[in-house]
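Each of the next two complexes has subunit A plus one other chain: subunit B in the first, subunit C in the second.
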Partner chain A sequence: MKLKGVQQTNWIGVGIFVLIVLIFPFVVTQSFLLNHATFTGIYVIVSLGLGLLMGYAGQISLGQAAFYGVGAYATAIMTTTYGLSPWIGLIFSIAIAALLAYIMGYTMARLSGYYLAMATLAFGIIVHSVLVEWRSVTLGASGFYGIPSINIFGYTITQGIPYYYFVWAFAIIGIIICLNIVHSRVGRALRSIHDSEIASSAMGVETGKYKTQIFVLSAIFAGVAGWLFAHMSYSISPSSFTLDASIIFLAMVVLGGSSSVWGAVLGTVLITMIQVTVHTLGEQFTFITSEFEHVVYGLILVLVIIFMPRGLFPTISSWLNNKMSQRSSETQEKKAS
Partner chain B sequence: MKKKLLLALFLVAGMFLAACGGGGNDTTEDASNENDNGNEDVDEYVIGAIYSKTGPNSPLGEPEWNTTEMLVDQINENGGINGVPLRVVLADDESSQEKAVQEMNRLINDENVLAVLGSSGTTESLAMKGIANQNQVPLVSAAAAAQVVEPVEESEWVFKTPQSDRLAVERIYIYLNNAGISKVGLLTDSNAFGTTGLEELEAAADEYNIEITAKESYNTQDPDMSTQLTNINSSGAEAVIVWGTNPAPAIIANNLTSLGFDMEYIGSHGIANQSFIDLAEDAAEGVVIPTGKALFPDQIPEDDVQYDVLNEYYNNYVERFDSEPTNFGSYGYDNLMLVVEALKNGATDRESIRDYLENEISDWVGTTGVFNMSPEDHNGLTPDSLVMARVENGEWVLFEDDAAKGEETEEAGDNEENTEEETAEEDEE
Partner chain C sequence: MLEVKNVTKTFGGVVANKDVSFSFEEGQIVGLIGPNGAGKSTMFNMISAIFPPSEGEIIFRKQRIDKMPTNAMAPLGISRTFQNLQVFKNMTVVENVMVGRHIRTKTGTLRAALKLPGTKKEEVSAYDKAMEYIQFVGLQDLYDHLAGNLALGKLRLLELARALATEPKLLLLDEIAAGLNHKETKEMSNLIEKIRNNGTTVFVVEHDMDLVMSICDKIIVLDQGEKIAEGTPREIQSNQRVITAYLGAEVEKNAQ
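Moving on, here comes the complex of A and B:
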């Protein structure tokens, strides 16, 4: 039995997950669901970063949609206004999101808890206002349009199956990066900050440095997701990057369980499934509108926080573990007797 | 090791649940799809329509949605299109760009529609535009902003029926020129509608010798705009142009009345509805706006080419839904009927519908205006599809402002027919 902190990356789990992602488009031929799965991939990338920030460093960000938006607008402006390649756009998406997060993280390194939540909330609102008001650059509230598609080896990645695989390739790389960070020295340092910031700084962990670093990393994840989102459609608008979006990201992480990388993935998939279910029901029963989604989110969040405060994934996996270890100990006892 | 295995097992279970959840829907919908596809050419024409029935754009989307439902019923009761029934798959994008993208993909790939109508808002329509071009599906939008169909090179598959903001702006400036007003202050909403309006107002000002003395803006939910009005008044403006949708313009009308400034209030087509008057009450008196004719079909002169089509539509709508269709309903009407026109004339696949809409729509009489589409113009309307209205005794009243004169010079040689109509209208007055 290994100690929790020194767990190795579970490559079998990753392998199986990759397999499922690969098979999905063949099992589900409906374009509507495939499109939802593509969006899920984009959101998974954001919630992975947010999961690291919340679950491992214990910080709350209510402004994650701002980094997502900055990533999207950075590449949109670079590729459309300045005619650069989307791949150079990616560098800008990452760099600008990271830079903003660094400035934020640097000034906020001493904030935590509610204060940090408020600061990130304000940051999200400021970025949204800038996107709306800086009309000469962002074209304002009606949205930025004319964004080119991504080319890879002369092949244009269009919406549908190509974009689905493209997005999930990034998402899986993100998952692997997160798993490696979590199981490294940095991951342990972060977890110590999560459990007790004072104790860990007393033990010689540079809490401020780690917090800034993880904040920047989560912004980079959001920036990449924004890049993927921008090049998916022809246009983007500030309405996609509001406080609502930040809160949905938060809900995804809390629902799935922030103390596990897979929790963020599970939470995102579940939230998307709720959306799809509500939509399908809405087709049959006209009184079920999208407002239902919010009711269901709220209900599930309340239930999860009351009954599974660690989130779905950690709770369920530890429950399964207990069952199994019980059974194995029973068999051992039988053998012994 | 066991732990790992468990983790893996759990993941598989979870993912399969997810896949099954999707798969379940999949089989049922697929089955119905097969039916559609198998019979499509023979048995029915399938068109998709995405309107914002819920969310912030619902005042636009709802009449569009209702109109579409009503027309489909009417068409099918009268034996369909050349004997083939029409089916419209209606989808609500909830005024969200992401949902619009998802619905657009669903309609094109899962429902296999011939053309897509919508959406109500500019941001949603722009997102759908990209997919329409990628998949080569004709899209007829109900959004106001000109960028939905401009630049033309990027809008091969996209058309739209509402008058672009540009036309509404030009109509206002023509009115101002005739009224002898040259100094105006602008008060615009900071949302998409207001900002595109502001851009067009700025861009066209020089052409009509209008001097913009002040530019102020407000947020959609602001409760009081006295400060902005005071600034505009002190800048020496003779009139204030307000660009937004209810309720803010009604609040501004009240502010203006209580401040007692001597400025004419000119609104946008965004307040062309009874609810503006209900909200602003007495302060609404004398407010002038450009509007489509669907606001008051009974006031349109009987020899107007649009008279019959408008009145029939308006009366049917009021009878069925017990509410006004507003201009937005008329966009929904034209969107659908343009595609129906193409289908009637034998354009029954995506490409030929597009070609038909681009090349064959000339002097086509709709409820919004008389359309003349061309490869350079995927909107096909002129400023005379808008008329000026003023609030008199709590009602919108059509009035002539000698605009015909201004327009005659504007469009001389450009479109003779329309000028004739205009003069006819004038004679009637």
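Moving on, here comes the complex of A and C:
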């Protein structure tokens, strides 16, 4: 049912997106591109959660890669060291990431501003050190290997097209969950906090509670992404879960725009495309190194913050809306004259 | 219904309220007046638990509320509007009022995320209810407009609709007529009387003396943080301390 004047999910848009995801492997057949597309799906899951946290709860996390890492290592240890099923591993990936976020979020529910940013920054550094130093459990800097593949109904999800669809199924569920939240009583409450926290709490909105919940949700998303990453890769190492990675997730959200769920998706796709391009160019030109990549991200962040503070997606969609309403009013004028 | 007992509020060195006490019963329109800086908004902020008093107690329907968090007030039945307009600018009119329905609905993050059965129904009923309040204040033609694009008079009505949507027992209106033209002020005072007649107690801070004197059942006067008078409009109009306080403020203004 259409409730006019209320932000609601555009299910046609979701349908088109699902179609693009389904068709992609038939159009793009190079396996390295499919591999990147699979990674994009994993990163989309992380940035969806981070986008909700930034755009709706108004908080910044500088340690999202740590939750991603916790999710990856939790399942790696459970399935490899203890021989459990990856599906049990998923429960651990989610539970541990959620618990850590809850503890952090709970102690910070009453604080605001940059406390969460600072706390997550510290958390990210601690998690990375633990992964490197706790050798008896994590096998240290050299990494953890021998992670089993995921089975579903007796069918092993191998790398390539099966894993691509598997990852994107999760990503699309993630998108739908975010759209559902954003376009609900909770989403409205969160948006209202953004505009006026005082009025929001005077209307009875429990601002601290919702901020904590969204933070926990963002950690769960990152945990699930970590789980997908671990079982795709056979081996994982702490180098995937550094501050750098957290900053890249941040860049994805800022570029795409955090005030819209689709912004996180768009930002992730664009940043991955830049990564792929830089890598490909790097193979031909020796002066293009991975350092170069970071310069590009830095530049993008600066440009976006200066010229499009709301990010690409909201800017483009409001521009399109304006165009359309202009056109419709022009045609109306023509009819009238 | 409301009892303010020996309330003092200081901001650093500034004493905004000094040992103020008053109380009133249900079913009235009560006015809180006083010259600029008298401490009226400060008093409202304490009654709506935006911040606690430095000293004293505030009791609402036999419950002490002065140490409670802000978000506990709406469920108890206290709602308010803001002198310095606190609308949700990036939301539409109907979305703003739906936030007023927040405490009357219960879909949580998990239920919303999974769109469990019942969430849609609740959403529709919140929408319909919000539209009723929009109709009540007369904003029905603007319901799908972005609040940030509304004119001042409409914003005041929007704040009123949003506050009413919580179904308060006590409604605090902080200078709801400020900046309104003559016609809008008249309509606002009709609305306030209608709200009282529907059973909601209304507590108003207002500078427009015609409005205050014509609709209030009882008036409390503050001056420089202290209560200087309390009574019916007729009593207040002839109170010597009130006249001096207002004249003093006038004289100061002219001297500037």
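What we mean here is this: the second predicted complex is superposed on the first by the 332 of 337 C-alpha atoms of A that agree within 3 Å, B and C clash if a C-alpha of one lies under 4 Å from a C-alpha of the other, contacts with A are read in each partner's own complex, and residues count from 1 in each chain.
The working rule: a contact is a pair of C-beta atoms (placed from the backbone, for glycine too) under 8 Å apart; a residue touches a chain by one contact, two chains touch by 3 or more.
In this text the structure is predicted, and so the values were computed from the model without any measurement.
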Examine A:Val276 and indicate which partner it touches, taking first as subunit B and second as subunit C; both and neither are also allowed. first
I'd like to know which partner A:Ile316 touches here: subunit B for first, subunit C for second, both or neither. first
Report for A:Val296: first if it touches subunit B alone, second if subunit C alone, otherwise both or neither. neither
Which partner does A:Ser239 reach: the first (subunit B), the second (subunit C), both, or neither? first
Is A:Ile214 touching the first partner subunit B, the second partner subunit C, both, or neither of them? second
Touch test for A:Ile125: subunit B only (first), subunit C only (second), both, or neither? neither
Pick one for A:Ile247: touches subunit B only (first), subunit C only (second), both, or neither. neither
Who does A:Met308 touch here: subunit B (first), subunit C (second), both, or neither? neither
Applying the document's definition of touch, where does A:Leu33 land relative to subunit B and subunit C: first, second, both, or neither? first
Tell me which of subunit B and subunit C touches more residues of subunit A. B
Contacts on subunit A seen with subunit B and repeated with subunit C across the two complexes: none
Subunit A touches which residues of subunit C in the complex? 48, 50, 69-75, 79-80, 82, 86-96, 98-100, 102-103, 105, 107-109, 112-115, 119-120, 122-124, 126-127, 143-145, 162, 166
Where on subunit A is subunit C touching in the complex? 1, 3-7, 177, 180-181, 184-189, 191-192, 194-196, 198-207, 210, 213-214, 217
Which of the residues in subunit A end up touching subunit B in this complex? 10, 12-13, 16-17, 20, 24, 27-36, 39, 132-133, 135, 140-143, 145-147, 149, 158-160, 232-237, 239-240, 262, 266, 269, 273, 276-277, 280, 289-291, 316-317, 320-321, 324-325, 328
Enumerate the contact residues on subunit B facing subunit A in the complex. 2-12, 14-16, 18-19, 21-23, 25-26, 29-30, 54-55, 92, 94, 96-99, 101-103, 105-106, 108-110, 122-123, 126-127, 129-131, 133-134, 145, 147, 154, 190-196, 199
